[in-house]
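Read through the structures below before going on.
Each of the two complexes below includes chain A, the first together with chain B, the second together with chain C.
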Partner chain A sequence: MDKLEIKNLNRNFKFGKQKVLKNINVSFLSNKIYGLFGENGAGKSTLMSIIADYNFPTSGEVLLDGENVHDNDNALSKIYYMNQNNMYPKNEKIKKIFKLTKAIYKDYDSQLQEKLVNEFKLNIKLRFDKLSTGYKSIVKIIIALCVPCKFVILDEPTLGLDARNRDIFYRELIESYSANPRTFIISTHIIEEIDKLVSDVVMIDNGKIVLNDTADNIRSKAYSVNGPIDLVSDYTKDLSVIGKEELGQYVTIDVMGSLPNKEVPSGVKITKIELQKLIVNLMNKDGANDN
Partner chain B sequence: MIIKETALYKNIMKRYFLYTLIYMAILFSINILLNRMRLLENLSQIKTTYLSFIVVMICFNYYLFKLSINFGISRQSLYKVKLSLLCSIAFIVNIITFSTNLLVYFFDKKDLNSFYIGLYYGFFQNNIFDFTFMFVFGIIFTFFIFIIFNTLGTLLSLLGVVGKIICLVSIYAMFTLPLMLIGIYHDFISTDFSVINTIFSIVTGIHTSNNKCGNPINMLVTLIIIIIIMLFINYKLTKRYQIRR
Partner chain C sequence: MQFDFQSPEPIFLQVSNQIEDAIFTGAFKEGTQIPSTTEISKTFQINPATVLKGMNLLVNNNLLEKQRGRGTFVTYGAQQRVINERREHFYHDYILNLINESKKLHLSKDDILELIKRGYDNG
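This part shows the complex of A and B:
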């Protein structure tokens, strides 16, 4: 079973003054879909680029099945990183980019590529630099879904995509994953659209991993307690509060952890929190803690 | 892993050839139609500009790095692809240059524009030996130019704008300062150039004291030594290559 391990990883910029990643320890197991979340500048893209050996860590290592991925052809052939930079020659036609990718990867899925080109209504005769931001993302998405790699890392895959194309992407991702299970690590800010998709959640804040658990576990531990201020405050007083919203006499308090073994007061309502809200709460909470 | 490297190699070769073909066709047509240049004169001129064009392409090789890293090719393999490209292109460029020189040499010597023929031709006192050595020398010399500019391009792509300026100024100073020092030495300290002449003669094989043709073997050894040093520097720089963010 393939396993991508990140051990004691640090990354500094500006001669060590700016610490982007701080002692990251996380593992990505095979055949799972991970959501990698965090605020802008949290260090997600830096982490992903180090995993794919685009950039180097200041210290620490990335291991694939125990082998360091750095400068390792065998390990790197199992990783594909779709990133926000343009990695293809600007004036190359899309069909030539696909042709090159097919020549590079022996088991490249040409049939899926044809299907996706039709579904996304992509004109492959155009040159890459003539495409809109959305269609550039589509070209990268098609390649990412068709390459035969065990670990596919998608950095903001839906950048510039309209609602229709985002929908196609999510559907095709699930179909492709079901037909050929592999690990996807998806970083996006539109959490509500992929929260049903991801099996595991990794959250980075200020260069540190602040959450690393299965999506089901996280959902089962996070609640919204809503009702009159005094009753809700009393009910949640010993719980780990991650968010609070007041509206007149009423309050909604988001908590994480097990609920108390006491009766829920009349007028107080408890509901599960959506992943998006939970992540936003955690970002706010950590931000507040940092300040 | 060979599949990936070969596919990338073929792609880049096709790209280089397409661009150089277009460039040569345009230049050739302009020279013939607008400048009314004769065929041999035209060939002789195109040879030089063609080499400069290839050098510029080789210098800007950041997209080769981006493509290779995007397809999971390690920096070590990228270095191998890069060297294969440089060797192949040096060989092909030299065939074109050599053929042009041969044509011009045999048909109209006044259009001849070859530094080897000017400085070293006739050393072996046998046409076959001289031309064979000229061919080998041409490959090594072209590869030397390519590796110098590729290394420079690789170094510059590691740096930011300020770093690039500092680097270029330093390189300029490195070449200019020794010449200035030699000039100062000659004007104010001594007019004896015998030591410098001896070193120059050993390094290049060219004799400044008489009109004898130079020894190309000396120059070849010098080029090979510099190439080995450059290969090492290029390897170290390629290993440091990272995606700019």
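This part shows the complex of A and C:
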């Protein structure tokens, strides 16, 4: 079983003044689809780039099956990182970029590439740098789905994509995953699009992991308590509150964890929370788990 | 097939409920093949493992059967089994609750029967 393990990882910028990643410990297991969530600047891209050895940690390590990935060609050949930077040579035609990629990866799936080019209506004779943001993403998505890597990291894969192309992407991702299960780590801000697709959720806030669990577990642990403010406040007083909405005397308090072993007061209603709302709540939570 | 993912139920349960409903209404006929895990997963963009979990629930309840290399099929007698199960649920969810509520309102057995007749005839 392949396992990607991040151990005690720290990353500082500006000579330690800015701590972007703070003691990150997380494992990515084989054949799962991870959602990596967090606000802008939370540290998602830094973490992804370090995993793929595009960037280096200040301390700590990234291990693939126990081997440090740094400068490790064998390990790195199993990790693909689709990122926001356009690292292709200028003036290069898409056709040529595909060809170069195929030359690097022995089991590159040219058949799938052709299918995706047609589905996305991509003109491969165009130059990469002349493409719109959306079509640049499409070229990168196609490559990411066709490379034979056990770990595929997608940093904002749907950036600039219209609704139709986003739909194609998610369908093709599922089809490709079903035919050939592997690990995907996907970061996106459009959570509602993938909240049913991911099997696991990792959330970063302010450089720290604040949530790391299966999507099912998270869903089963989050509740919304609704009712008159005094009753709801009393009922939730010992719980971990992640969100609150007041409407006059009526209040909704979102909580995480087990519910208290006491009777639910009459007039108070408890419902489950959608994963997307839960994550947005956690992002909004001021200074969540700081330090 | 139509899914409503606004519900707070776990997604694998919604998947199994939706397929069960399609068997109940006859949209998925007995002996016919139902869409594959990948098809359902792609159409509704749900994790394939979640869809599989929901389907397996129905396989265990003998409403679906997997045929190696061919796909998943609705078993014979599945529709009747769903109807029987729903009748049992109807008794527990509606009839027992109705009687409980009636007792609080001091309605006798005959009163309830009379009300049911009235509702049935007007319905």
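Keep this in mind: the second predicted complex is superposed on the first by the 280 of 291 C-alpha atoms of A that agree within 3 Å, B and C clash if a C-alpha of one lies under 4 Å from a C-alpha of the other, contacts with A are read in each partner's own complex, and residues count from 1 in each chain.
Basically, a contact is a pair of C-beta atoms (placed from the backbone, for glycine too) under 8 Å apart; a residue touches a chain by one contact, two chains touch by 3 or more.
Remember, predicted model here, so these are calculated numbers, not experimental data.
By the touch criterion defined above, A:101 reaches chain B but does not reach chain C. Once the two complexes are laid over each other on the shared chain, residue contacts for A:54 go to chain B alone; chain C is not touched. Touch counts on chain A: comparing chain C and chain B, the chain ahead is B. In the superposition on chain A, contact of A:119 is made with neither chain B nor chain C. When the shared chain is aligned, chain C comes close enough to touch A:178, but chain B does not.
Look at A:5: by the touch rule set out above, it reaches neither chain B nor chain C. When both complexes are aligned on chain A by C-alpha atoms, no chain A residue touches chain B in the first and chain C in the second.
Residues 33, 170-171, 174-175, 177-179, 193-194, 196-199, 215-216, 219-220, 271-274 of chain A are the ones that touch chain C when the two sit in their complex. The touching residues of chain B, when paired with chain A in their complex, are 1, 3-4, 7-8, 10-11, 15, 63, 66-67, 69-77, 239, 242-243, 245. Chain A contributes residues 45-46, 49, 52-56, 71-74, 76-81, 83, 85, 87-89, 100-101, 103-106, 149 to its touches with chain B in the complex.
Interface of chain C with chain A (complex): residues 5, 8-12, 37-38, 41-50.
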